[in-house]
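The following blocks contain the structures, represented as structure tokens.
Okay, so chain A shows up in both of these, paired with chain B first and chain C after.
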Partner chain A sequence: MIGRGHPWLSLAPALCVIAVLFGGGLVLGLAGSFGMGRGDAGLDAWIAVLSEGRVWRSLGLSLWIAFASTALSCVIGLGAALLLRRRFPGQGMARLLFQINLTIPHAVGALGILWLLSQSGFLARLSAGAGLIDGPAGFPALTQDRFAIGIIAHYVWKEVPFIGLILLANMQSLGDDPESAARSLGASPFGAMRLVLLPLLRPALIRAGAIVFAFSFGAWEVPVLLGQSAPTALPVLAWQRFTDPDLAARPEAMAIAMLIGLVSAVLIRAAFARRE
Partner chain B sequence: MTRLTLNDLHLRHPGAERAALDALSLEVADGEMLALLGPSGCGKTTALRVIAGLIAPDAGEVRFDGTSVLHLPPERREAVLVFQSGQLFAHMDVTANVGFGLRMQRRPKREIAMRVAEALEQVQLERLGHRRPHELSGGQRQRVALARALVLKPGLLLLDEPLSSLDAHLRGEMRALIGRLQRETGITTLVVTHDQEEAAVLGDRVALMLGGRIHQIGTGAALWNRPADLEVARFFGGCNFIPGRSSEGVFDCALGRLALPEAAPEGEGCLTLRPEAIEPGEGENAVTLRVIETRFEGLLTRITAEGSGLRLEALMRAGAARGATPGQDIRWRLPREALWVLPGV
Partner chain C sequence: MPLSDTAEAVNIVLGEVEAGATTGAVDMIWINGENFRTMKQGDLAWCGYVEKLPNAELVNFDNPAIANDFGTPVEGCEVPWSRVQFAFAHDTARTDAPPRSIPELLDWIAANPGRFTYPAPPDFTGAAFVRHVFTHVAGGPDALIGPFDQARFDEVADETWEILNGIEPHLWREGTTYPTSITQLQQMFANQEVDLFFTYDPAEVGTAVVNGIFPETARSYGLRDGTLANTNYMVIPVNAANKAAAMVTQNLLLSGEAQLEKAQAEVWGAATVIEPDRASDEVQAGFAALERHPSVVSIEELGQAALPELQADWTSAIEDGWIDNVGN
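== the complex of A and B ==
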């Protein structure tokens, strides 16, 4: 019966999956980063990775992508959720349209961004056609660019509905009463939102933001499609080392992957610790 | 303090079949504590929210001291609503919760600290200022919510079922506290409840609301013993309704001629009396009935008896009910002062 017995017993099936699939992968990855299974176990891969300037530049780029994507997604997602919770004609349709791109795979979305924002894309041609620029080549580089604008645009486009959906669900469970109580005590609509609603939404926003951060920091398919060739995002670098014909590069790929996991975990932990 | 007037309020929630407020009119005097009583879904809470400015009515007027406040937003109405669940802000401690309204008024920090301490003392929570809402019991949370409202010294205090989430012991304590604070502060208070006993104890007057409108206003005893219509009588547990005619202080019905109390309405109507008012034995207004059924209900026993085609129910203590067994004829006295006529029913 659900809910009866020791909680650990009830959690056991889920914990087994996590322990075997994720924990196992993590242990194997960590072992691989130390060169285990190759006969010459040691810290060589870690030393090589940490002393390589390219890795640090990639780390910086990945952090920029993850921070910018998370911050923009949170701000826009929050704004959208605040608008969509109000009753208005066509609210159902607006919510549906808002959520619809959750179903679109990242790779497809990235190709869409490429088609839309690249210098040979729709906006470039439209601008040229309207006489705003001399030709499509005059359109600013928004994909494969040094500021990773295309990548960030993709993550924001994809994650805003995710954040919005989590916040809408949270607001639905909170109801209007906290804000109504604040209004009755003398707070203006903005004051009630700032002093009562937003602090109550903060835990959900941090959790959702942590998921967005972890994903945008660790995923490689979007940076591969929309990113520049050097420096690449850190996950792309790990993927390149992992698929390198020289098998000696594998431990470095594992070390970079572990580094991604470690940095992500530390930053997310810090965000939760600040909340507490 | 504020005199509250509700004038012909109408409100229908979007998509709802029935109106939540249907020609609701009510007057609460300056410094009075009025209990708005009614079953779940009768529109009591909606009425409070309209008064607080959280919902706009479709039509009608809300006046404070004779001046319409419908154009004012909630924060400018000087009416504070205490929610059923307390609605303490979970991210603030007790002190910050109680001081929230004063902070909105941009009072100096020193004044806020002083008034918060006073308010917490009033509700006997002076040592719990540092606690978060989740560290408080249900009763403590309600007291904090009350302190948070009282600290603002509002013109009108609106209490939405303030005792419904508390157990029986805490209810008594909280009821006494609300009564004491209202007497001390003299704040005009409208308290919403579905509990008849609570309404009678808390309110200087009780207004019974059914289907979005007020059916009767008066003292608890008046509503209980002198219902204005059949619905009011039924709400208060009335179950004995005898058709007949009232004239010159007597009521002629199938049970015979029954003496009525003074000022009983005259004409065709329905005689009503509460089941616990019936007494066993002889005397004025004694009638013979046959016991149909007895049902044990804890402290009291419910006895159903029939006579002259009429069925009456009585609630009696174990001693008085002992003689009543199904099939047996009994004599019941229907005390004159417990009878009331509902004219035109």
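== the complex of A and C ==
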């Protein structure tokens, strides 16, 4: 019987979960950012947050992390998907290896990056042992660094398979026909890919990229493990405010959290609008 | 209930009380300092029962170090549980003569570039380190005792930020960034990225040696001018569902036997809040026979120079000031 009733009826269970858990949290968060339930409702927290230099620096850092991670993940994921769709010996194994880190939680991945890239990490010790640098501390700062290299490296490592998987599935449903048609009309292999396949993949790439962007912009666990102390990524700043013993900081935490959601929503909406 | 920070428990209670929930999910919180002030200030702590606990008679509530939690009067709203005192640690195999006062430390940092750093406030331990420098600049804790004083704060703060900004070029990563948690500093000391570690719980150094994180040659030590000390407590939220059970637990944790167990080096090695001579003969004998891990500085030695903690308004102002002036 599933799917035979009115679409709204069939969607109701999923919509309820979204409305109650997600919508409810959003409404409460918004109310909290206006200081509701605390006696003195108003715009104080928003004014304080928006007039604070730290918040803008954190916003800048979070935007850099999200844009860089999304762009690199999309480019590498697309390249990998194009390579993996061909038939070659061991293709099954290659696909499995490509996808295997999808199952690894972000926090675990971030710790792995720390062990690998930090100045007391594996690569630092290896280079020091090989005499390339004087000591592990001479290794370039790739975690807790100004340019958030460690954070971006983690997101790229984690999201490339995600983008690749979505594109592979998309290419499978497109089939070889559009490209074959282009080839039979005289297009070069590269031309067929650039003029036929890529435009067909674009909607899926934008959707997958939007998910990566939203996640890397709003997630807390990776920047808290791999980020520097100042500026912190916006979600880390929100968390610091939320756990500040001073209760007055709580509406500010909510305002920062709402700001994360708002910026993310506006940018993703803009990406979709450009497509249409 | 899983937590990563005491403030989360306070947040849970606050959320419940705001929502009018009379049977909360939290029955007891291990707490002190700013979080206790928040609970007291928000009427979130259940008060007035402490002296009814049979084992409360083991505690000397006239001791100012117990009657005040970071300068906030306890007033029967929480039960003392443990005493801790800030200590530094070094590895005798690497650093045989560590600095033993704040001025010596500042010189040592300049002489050993890149070998020291501290976690950025709002990390609790990092903020405590900053308070040591602040107290040193103020000429001792006496100048800072009592309620917050903006004029005095500004005067001391300017010089403190100047000192802390001054040592930045000699810190790990030239002070462009700081570790974000004490756990990270612990890892860095273990990995020999820095030469000094500090902790608000010297017993931790012994535990780290036992767990193989720190080398056998790690030693904790105090400063000649003293290090900050505080008492931590157990509080029952005003909306706790099981207040009677929480009181029984608190009474048990306050008992001479439990306090002695907690003081054993292989258990925790944490200093007691009770007066051993008010406890039973066995407990007294147990305290007399306590052994400590060789890496842990003795409570008596450390306690010779203990600085009282500042009131919560001071500590928040110092944290915010550091973030705005040093950590940006």
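Definition applied: the second predicted complex is superposed on the first by the 276 of 276 C-alpha atoms of A that agree within 3 Å, B and C clash if a C-alpha of one lies under 4 Å from a C-alpha of the other, contacts with A are read in each partner's own complex, and residues count from 1 in each chain.
Here, a residue touches a chain if its C-beta (ideal position, glycine included) is under 8 Å from a C-beta of that chain, and two chains touch if they have at least 3 such contacts.
This structure is a prediction, so every number in the text was calculated from the model and none was measured.
Superposition of the two structures on chain A leaves chain B and chain C fitting side by side, clash-free. Annotation for chain A, partner touching more residues between chain B and chain C: C. In the superposed model, A:199 lies in contact with chain B only, and not with chain C. Look at A:146: by the touch rule set out above, it reaches chain C but stays clear of chain B. In the superposition on chain A, contact is made by A:185 with chain B only, not with chain C.
Between the C-alpha centres of chain B and chain C, as viewed from that of chain A after superposition on chain A, lies an angle of 160 degrees, to the nearest 10. Of the two partner chains placed around the shared chain by superposition, neither chain B nor chain C is touched by A:216. Once the two complexes are overlaid on the shared chain, A:62 sits clear of chain B and of chain C alike. For the pair chain B and chain C, the least inter-chain C-alpha distance in the overlaid model is 48 Å.
The interface of chain A with chain B does not overlap its interface with chain C at any residue. Of all residues in chain B, those touching chain A in their complex are 14, 49, 52-54, 73-75, 79-81, 83, 85, 87, 89-91, 100-101, 104-105, 148-149, 152.
By the touch criterion stated above, chain A contacts chain C in their complex at residues 37-38, 54, 119-120, 136-137, 141, 144-146, 224, 227-232, 240, 242-247, 250. Chain C makes touch with chain A in their complex at residues 5, 7-8, 10-11, 14, 18, 33-35, 37-38, 41-42, 114, 120, 122, 173, 176-180, 187-188, 191-193, 312, 316, 323, 327-328.
On the side of chain A, the complex with chain B involves touching residues 87, 177-178, 180-189, 191, 195-196, 199-200, 202.
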